[in-house]
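Across the two complexes that follow, subunit A remains constant while its partner is subunit B and subsequently subunit C.
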Partner chain A sequence: MIQNNPIGRLIAHAILIIGILIVAFPIYYTFIASTQSLQEILRPPLSLLPGGHFWENYSAALFGGVGRIGGVGVDRLLFNTLVMALGIAIGKICISILSAYAIVFFRFPGRMIFFWLIFITLMLPVEVRILPTYKIMVDLGLIDTYTGLILPLMASATATLLFRQFFMTIPGELVEAARVDGAGPWRFFKDILLPLSKTNIAALFVILFIYGWTQYLWPLLMTNRNDMSTIVIGLRKMISFADADTEWHLVMVTCILAILPPVLVVVLMQRWFVRGLVETEK
Partner chain B sequence: MVTAPSVILRAGLFTNGTFMASSTRVTFPNKLLPYVLLAPQLAITAIFFYWPASQAIYQSVLREDPFGLSTQFVGLDNFRRVLGDPNYLNSLQVTLIFSVATALIAMALALLLAVMADKVIRGKGIYRTLMIWPYAVAPAIAGMLWLFLFNPSMGTLAYLVRSTGYNWDPLLNGDQAMVLIVSAAAWKQISYNFLFFVAGLQSIPKSLIEAAAIDGAGETKRFWTIVFPLLAPTTFFLLVVNTVYAFFDTFGIIHAVTGGGPGKATETLVYKVYNDGFVNLILGDSAAQSVILMIIVIGLTAIQFRYVERKVHYG
Partner chain C sequence: MANVELTNVRKVYGSSVEAVKGINIAIDDGALCVLVGPSGCGKSTLLRMIAGLESITDGTVKIDNKLVNDLGPAERDIAMVFQNYALYPHMKVYDNMAYGLRNRGMPKDQIDKRVKDAAQILELTQLLERRPKELSGGQRQRVAMGRAIVRSPKVFLFDEPLSNLDAKLRGQMRVEIKNLQRQLGVTSVYVTHDQLEAMTLADILVVMNAGSVEQIGAPLDIYEKPASTFVASFIGAPPMNLVPVTADGSGLVLGDGTRIGAEGLVIPGNGALIGFRPEDLEVSAGTDTHAGGLALDLKVLGVEPVGAESYVYGMVGGERVVVRVPGRSTSQTEDHLRVIIPADKLHLFGTDGKRISSE
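Take a look at the complex of A and B:
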């Protein structure tokens, strides 16, 4: 064993704590600000302890009745974002598990062509095809719809590749045994493949939920109406440095509310999240 | 959209040599069913990926007036104009500085923290939990958080900086704006890199490090001669992921914090495509820029495939 150096370990703890303070500070600061009144926020430096306006600010932001962002309440924005994140996560998992199933467990003409067609889309991120995609959305009448927010982000090769990779590790004997016992493709999928994929699905769900929740460019283009906006875009619209009327205390509250759901998902589903992120790569 | 996870899955593509597996697998005999299963994904892919991408390529060789009244074929003129445009070259430079700075800072800090986390015995799990959650923060919000801290009118840290007499105003000074968005972008990426470095460190055989310790190598020497070279595959992988992140996923930070300004000091390539296409309505140029970006993505993906799976530390 390498000599156990208590001083070295103490230094390690100290550096980690400093690191965590740096990582946590911007969010902590915003939380503090969200419990202060507008006047306190505008008069720096801010105290490092929570102020006394927690309930006041949070209830004003959540149930204030007044539409903060162009007539739309925070609850509506959170709901839109939730629909978008869930839609992308669930939709992506569904269509990619099906296509991976087709590619791995069936032999049919054009199999590899289809695989490559899906695979190459890795090289076509939204950013490189913004304008033409936007035009298509306009032509299809999908601006300001949930379909428009969700559908184009649903197809991507990533989830398909992950499932494909996992399916490849399933022993052929299992398929053979299932077939001998008279199970058809649907039965095999439902009773054997799905239960085996549970952890992968959970891991992917966390990653895709975060992906959907944190989208920026796409909802920015896809939504004109304020009531179809997502929380991140809404937040951006609330902030104006030129305008003296920005209600910073409510901006801070909205910021915390926008961060909270995905952070909770990551922290509570940490086991699957880390697994999905790191171990699929090995 | 290129996201960090997408790149990971890409990297996992060739593992176990299964990428082009032979067809010795046991399969189901159905003829029609596989097409039905593939249909949803293929339909979405065709409508939202192939059709717009081909449109981008098509438009990149056309010149259209902003009202869409007339269009003419101009060959590679759009590319020539874009590549000769000082504004484009400026945004290329901005993107490079931004990406390199973001990747280096995010990776260096994450590596330091991961090495420290590898050393401690107690509290590993707590440190990890406290370290990972910025991953869930949207890039645009990460930018706003840093703006709250550092904007000259109300940010507490900006107040502290200014009280030392330094003229801090990222809304007016381009270099300071760059520092601000690099900080926000790197801050958000630390947690991601941290997880990968921790996993990479755990996979290094302890016997190697012990052998070096017996031979009298000190801690610093052990790190640079054994740990760091063995981490090379992780480091290289993260380098590509962080570059892709800085290129594409940071659009939100720039749009929310600086809007490409002041001047054009923080206008990255992706921001310029958006700005030229949607704000200035120069469609041909925007399309040409899109195609150039496409080539950059293909390049990055190719580099990744070529080197990531080859264990870098052997070569």
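Take a look at the complex of A and C:
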């Protein structure tokens, strides 16, 4: 991968820079738009430099927006989304690490059947089972609750498989050494397996947090009340007001606010995240 | 401190694969017992059954005169050193050694004392704050030993602990293990496939083959009186030479029809194998037959000087044999040598591979 040819390096860098520009430009454009007034946005072409309405727009979106999205402020939407994303990420990790632990380290009857049952759910996309799931949630009275938003998205075959693959790389001798050292199943899990899995957990957390944060279809079905909406649904509602002009500058501000938490999670956990993807501590 | 007693121990995998076939071994308190054999002979399985990591199909395992068949590994009061060391990668050396003690609920100050003492013995004091991946192979080996020592168990179990080290370090650690075991006086069971390791470490040597014990005894007894051709060729390097002979009316005949003179050697009717160690042969200048011994003609195939001695490879009666000659050998390829096996160095095995006790 390392080459000394300056022209080759130049080309490589050029391609990378163009790639970054293509990916980053829409986000930059959103940011620009979020600092313009509505009139400036509606009068093309849009300037490529930030406008002078940064404070005005942001304070309007954050503090003055009562009544904007059916009487619910952005802070409430962000909070809802945070609860859902955290619930899904943490719940998924807990459930899948425990089920992978059971499948890899214990011999119980029907072990392979359980494994395949989990595995098979991978082959059914969410959309296929969304109606039955919805029916169950309605019957349980979980519409417009955090439980209803989180629970059905928590079971995860992908995360279980990921942990299973990781656990299978743990040498059998390590397990036996722990047995000789008097560590029971629970102690082994807590003292050895969990610390060894922490990079995997971090990587999964980032992926799952973003997955939960960007959910659209399920919150759309599950929530009727505006104060239970997530930020993505809120954005959609802001645009689809038929009887009023869409306040594009505020939509753009909300977009930026919606991107920030996932970006923050990625940036803060980047070190762990990358390590979890490229190496396992053995 | 404890003795270990195995009685009729069997291990059957599935319904038919018999990995260990009824083994009886008694190990005295404080002795170091080495299980040696080729890979797949069941020696590791046997060790793991003593450890409690493998269930016992049949028979009994007693540690300190107490039946332990149904006890878990942690309740048997054993400590095990694994081939890959099996150190906990996320723990510091100190915690690796302390973990087993913490699980037993030992008070902190006592743990600290034991770990520090063990570290002192193993010269690990400087390394207590390191993690396993920052250690060399030999140091990891020491930590694994330390983890066993701090427990002060009744029995040490070693599962090929030196096979991941390079030759020089292996020799060094071998001596250390031996000294340490002597010093601590803890009964130990040691599994290896390296016959040199087995010979040098063992108080009692158990040679295993295909799930059964071939021979049990002191290492030198086994070396000098192997019970079967398997033991004869497994223990000793280079291995014992084995040459088939048959008897007809007038004397002994080798595989290729060569007649040899042998006085006082009685061979069963269906033939036998004569065995002799490479170092027991005497190269004779003349052509005289040696009184009471066996004289053979050897055609030299090649000479390997290794420094202090030389190995002369040759053919006797259609079989390859090795002769160990002190210093340098002057023999050339295609030379014919007259070699003499003194009568007391001659081993005789039946065609079933079992030793025929000639005296």
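Heads up, the rule we're going with is that the second predicted complex is superposed on the first by the 255 of 282 C-alpha atoms of A that agree within 3 Å, B and C clash if a C-alpha of one lies under 4 Å from a C-alpha of the other, contacts with A are read in each partner's own complex, and residues count from 1 in each chain.
The rule is simple: contacts are C-beta pairs under 8 Å (C-beta built on N, C-alpha and C of every residue); 3 or more make two chains touch, one makes a residue touch a chain.
Just so it is clear, the structure is predicted and the values come from calculations on it, not from any experiment.
Participant: Since both structures carry subunit A, what do subunit B and subunit C do when superposed there: clash or fit?
Facilitator: Result for subunit B and subunit C: fit.
Participant: Once the two structures are overlaid on A, work out the angle subunit B-subunit A-subunit C from the Cα centres, in steps of 10 degrees.
Facilitator: So the C-alpha centres give an angle of 90 degrees.
Participant: Using the touch definition from the top, say if A:15 reaches subunit B (first), subunit C (second), both or neither.
Facilitator: So A:15 only meets subunit B here.
Participant: Which partner does A:268 contact after superposing on A: first (subunit B), second (subunit C), both, neither?
Facilitator: A:268 contacts neither subunit B nor subunit C.
Participant: First (subunit B), second (subunit C), both or neither: which does A:122 touch?
Facilitator: It touches subunit B, and subunit C stays clear.
Participant: Under the stated touch criterion, which partner chain does A:195 make contact with: subunit B (first), subunit C (second), both, or neither?
Facilitator: second
Participant: With the two complexes superposed on chain A, say which partner A:181 touches: subunit B (first), subunit C (second), both, or neither.
Facilitator: Only subunit C; A:181 stays clear of subunit B.
Participant: On subunit A, which partner's contacts cover more residues, subunit B's or subunit C's?
Facilitator: B
Participant: Just subunit B (first), just subunit C (second), both, or neither: which does A:248 touch?
Facilitator: Once the two structures are laid over each other on A, A:248 reaches subunit B alone.
Participant: Subunit B to subunit C: minimum CA distance in the overlay, Å?
Facilitator: 7
Participant: Please write out, lowest number first, the residues of subunit A touched by both subunit B and subunit C across the two complexes.
Facilitator: 173, 176, 179, 281-282.
Participant: How about subunit C: which of its residues touch subunit A in the complex?
Facilitator: 51, 53, 72-74, 78-80, 82-84, 86-90, 99-100, 103-104, 147
Participant: Under the stated contact criterion, what part of subunit A meets subunit B in this complex?
Facilitator: It is residues 1-3, 8-9, 11-13, 15-16, 19-20, 22-27, 29-30, 33, 41-46, 94-96, 98-99, 101-108, 111, 114, 117-118, 121-136, 151-162, 165, 168-169, 172-173, 175-176, 179, 184-185, 188, 207-208, 210-211, 213-218, 220-221, 232, 235-236, 239, 241, 248, 252, 255, 258-259, 262-263, 265-267, 270, 273-274, 276-282 of subunit A that touch subunit B.
Participant: Give the list of subunit B residues in touch with subunit A in this complex.
Facilitator: 1-3, 5-6, 8-13, 15-16, 18, 21, 23-28, 30-31, 33-35, 37-38, 40-42, 44-45, 47-53, 55-56, 59, 109, 112-113, 116-117, 119-121, 123, 127-142, 144-146, 148-149, 151, 153-156, 158-160, 171, 187, 190-192, 195-196, 199, 209-210, 213, 219, 237, 248, 251-252, 255-256, 270, 273-274, 277-278, 283, 286-287, 290-291, 293-294, 297-298, 301
Participant: In the complex of these two chains, what residues of subunit A are touching subunit C?
Facilitator: The contact residues of subunit A facing subunit C are 171, 173-174, 176-183, 187, 191-192, 195-196, 281-282.
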